[in-house]
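In what follows, chain A forms one complex with chain B and a second complex with chain C.
Right after this comes the complex of A and B.
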């Protein structure tokens, strides 16, 4: 449905997007995962025709989107990362306005507003002013405004940033429901769990590049058989790092401030030894966590740093 | 269709913004009423077709003065200062068109002044007749102080009375100086009684000359036109000033869209930048039209303001709203480009006040120095106010079309400039937004 080839976007000397390529298939939920500043939002802005690319091609159903932007704009629904609503208008007035901009009017518009209110769960409060809404309600309305014209491709840019867990769950359920209805969705987030939960295929981005892509299983397979041990320390000295590094069965050690991430073949065999060495070094150990392979681990494996800021 | 939706949305947003509503609609109506009543006295409510009513108080005793002068000299029976002042001067065509006088006692005159039935009292002092005769018929010159008392609520009328009396005084001084020159010349050529014996003939000549003295008064403009009252004036003054606030309000709209991220969303929805700008232009135009309609109707029914010929008034209103929309969008695109509200703030807190002052929205520019009157054409509100004053005085479309064209021209020039500035290059700030994010990475 959507094909991105060697997409580049520069802001002056900064390469925000550096030659990325991927394909989104009809009916799937496609995830763009990466830390803040990885280039996800810029990629989304270019696909949304909001920014012109510095290089590369984007094809929507085989046609270059910048050859006829209006054609794709009618088929796109964009949920921006920021709340793009009029705070002094009611939820209904907002939906009515955005529906008008997509060419809806009269009974058709009213019907779509009712349907969208049902999807986003704002039926009871839709006549209230938006500035009276909670953060979660605004986020839901922000999604609703992109659904009115029944887009073929829905692009959601970090739609759960800064909201409570209950609203977040509601939004994730909404995305799944839309997917079940056959809508194609591009979902960007720096929350690994969301992407794992929603997306059938995932691109992991960092510093404007795609560093891995595939299904969740394919990505985790990259580090199959590995286990992550996380040590939260009071302090860390070089002697301890050298001591741990000399142990057998350890693939890689990374230090981030007072945290040590150890990737190993089998945690059960070496965990006791690790704790003994830490205790002997005189560094105070706060906590130990043993993690099975997941996207977080994949990202750490690929970049040597944690996914979240 | 999109423009209609944008206009409807912005009007709904305005209706939900109490502060903006107060500034744009309520304040001009309140100020119109307050200023109209408070400054009633400086306008022409109390004069009929421009005539200023005054009272003359005679503090002198005519019989006593004449008897006293006869004891001094037997010259000049034919010279009658009362006749000169009342008949030759106050009842002359030029002066009587402006001033209507009555002779009253001092006490009654004060009562009339306090009740605003008259605008000024002219007090002819003790020995006025005697001193005038001395000045006109003898080589001596006695000081005469004519006192003018003005109702403080009728300063404009008072200024007219003062100007007229000054003209009288100047004319009389010229005559007296001329007389003294003649006396000196006569004395030099024929000293003694021989010289003075010829004075009667000289004075007859002076009197002939005096009849020729005319009081010249400039700017007599009313010529049968309806005078403008304070309510009329301030209705137009507030209307023309407060449409500038509609422009100021509109000047924030584009940047607000950008800050709300709704600009980006509209773009993604396929709305062009020109379309968004056109929407803002028509919103400001409509807000100004609504202001003008509400203020015109309110002032007509409540303050009994007579705006004049309907077509001319409507034409001025539409042209003024068009000009305000042009000013609004140029502020809007400048603020949008700059990414801050500095220009909009300066416009609302400074430029509007300067334009209001120059345009005559605070005080009538007719009473300000010439330089201010010339500067008033630089202000949108000043041009509209002048046009409305014309229609209020009874002039028609043929007399105001120049003002209408000027206003339309202002709107057109600023609108074209706005489009040029907005379309100048791609990006419109999105790049800046995302650039910050990229740096953060």
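Right after this comes the complex of A and C.
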């Protein structure tokens, strides 16, 4: 449905997006995962025709989206990262306005607003002013404004930033429900759990490049057999890190403040030895966690840093 | 574009009080300044060092006029009062006239004209009295020549007071309107233009609000074109500005009894062109700045300075500096005031509105072309 080929976007001398390529298939939820500043939002801005690319091509159903942007825009629904609504208007007035811009009016618009309110769960408060809404309600209305014209491709740029867990769950359920209805969705986030939960295929971005892509299982397979051991310490000294680093069976050690992340082949074989070395070093150990490989681990494996750095 | 117009009208709901305040400000200041200066008579001191019957007669004659408030004074007191700016000028009557002034003022020209005409009138009266006395004494040698002359002089001057000795049948079409400067009208026009500019500039500045709340970016990825977004915004701002100015014109007419002259169409034409120029200026400013806060900072500075230059606060007739007068030509306010005052105060017809309206439209086109370009680049 959407094909991105060698996409580049420069802001002066800064390369925000550096020659990325990926394909989004009809009906799937496609994830763009990466830390803040990875280039996800810039990529979304170019795909949604807000910014022209510096290089590369984006094809929507085989046509260059910049050949006739207005025609493509009718088929796209974009949920921006920022809440792009009029706070002094009511939720209904906001939906009505955004629906108008997509050519909806009269009874058709009213029907769609009712349907969208049902989807985003704002039926009881839709006549209230938006500045009276909670952060989660604004986020849901922000999504609703992109759904009115029933887009073929819905692009969601970090739609759960800064909201409470309940609203976040509601939004994730909404995305799944839309996916089940057959809508194609591009979902960007730096929350690894969300992307794992929602997306059938994932691209991991860092510093404007795609560093890995595939299904969740394919990505995790990249570090198959690896286990993460997390040590929470009161303090850490270099001697301990050197000691752990010299152990057999440890692939990588990362320190973040009072935490040590150890990637190893088999935690069962070396965990006792690790704890013994920590105890012997005189550093006080608070907790130990052994984790199976996940996208966080994949990102750490690929970049040597945590996803939320 | 219709959806953008609907949106802007909806958002006016929360801004209506700004329009109301600006209209009240314009109207209130017009009443305060216009009515105050309407009865204003500049004070002028007379220092009579001649102390003759001629000089006394001159003082008496001058006191009859309604333009200045004359009072007698000593030379030393007059010097102090002129130096301190408490009076417009002082006239010293010696062998001739001497005018003491602190600075040049358009009113001094009027004062000189008044002195010249009064002196001419008195000279004429004296000449008539002399001839009359000579004639009567030649017929009645016993008559008191001085008494006859004084009586004749008084009669002549009284004759001037009741009826001008020369009547002119006017060959100029009578427009029915008075001609010249009217402080009430000038205040009404000046303050109406000045305060309505704020709402127009901030009205179109709503596109900066859109940028701040990211709704601009969201609009840009809908099928609606940028031209429609800007066009819709311009139409609503223009309509609101025209409505505001129209209300002020009507308020001046019905509440202050202002006579707008023989061509209300001309007044409205100039007003419409001015609203276009100002709305376009607002678009240009919105393209130059990044945020509403920046627009709020520069707008008062720009509008106040151009309004002062353009003659909203005082008539440009009192400005002599060529640079200031040249700069005034570059402001929309100058042209709007020129067009409106030509009709309302100088008794001219619709034709007086054409040139100012054309200049304002040209300014509007330049501002809007530059503004659209800047907004698109942003």
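Descriptive notes on the structure:
As a convention for this text, the second predicted complex is superposed on the first by the 308 of 309 C-alpha atoms of A that agree within 3 Å, B and C clash if a C-alpha of one lies under 4 Å from a C-alpha of the other, contacts with A are read in each partner's own complex, and residues count from 1 in each chain.
Note that contacts are C-beta pairs under 8 Å (C-beta built on N, C-alpha and C of every residue); 3 or more make two chains touch, one makes a residue touch a chain.
What you see is a predicted model; the values in this text were computed from it and never measured.
If you put the two complexes together on chain A, you find that chain B and chain C bump into each other.
Within the superposed three-chain model, A:188 lies out of touch with both chain B and chain C [touch as defined at top].
Once chain A of one complex is fitted onto chain A of the other, the partner contacts of A:294 are absent, as it touches neither chain B nor chain C. By the touch criterion defined above, A:36 reaches chain B but does not reach chain C. When the two complexes are overlaid on their common chain A, residue A:97 makes contact with chain B and with chain C alike. Contact with neither chain B nor chain C is seen for A:283 once the two complexes are overlaid on the shared chain. Touch criterion not met for A:174: it reaches neither chain B nor chain C. Put simply, more of the residues of chain A are touched by B, taking chain B and chain C as the two choices. Contacts of A:11 after superposition: chain B is touched, whereas chain C is not reached. Once the complexes are superposed on chain A, the part of chain B occupying the same space as chain C corresponds, among 8-16, 44-52, 98-106 or 188-196, to 8-16.
On chain A, the patch touched by chain B and the patch touched by chain C overlap at residues 48-50, 70, 73-74, 76, 78, 80, 82-89, 93, 97-98, 100-103, 145.
If you check the complex, the residues on chain A that touch chain C are 48-50, 70, 73-74, 76, 78, 80, 82-89, 93, 97-98, 100-103, 145.
Residues 1-2, 5-6, 8-9, 12-13, 16-17, 260-262, 264-271, 426, 430-431, 434-435, 437-441 of chain B are the ones that touch chain A when the two sit in their complex.
On the chain A side of its complex with chain B, the touching residues are 11-12, 14, 16, 35-39, 41-42, 45, 48-52, 69-70, 73-74, 76, 78, 80, 82-89, 93, 97-98, 100-103, 105, 129, 145, 207-208. Considering their complex, residues 2-3, 6-7, 10-11, 14, 213-215, 217-225 of chain C touch chain A.
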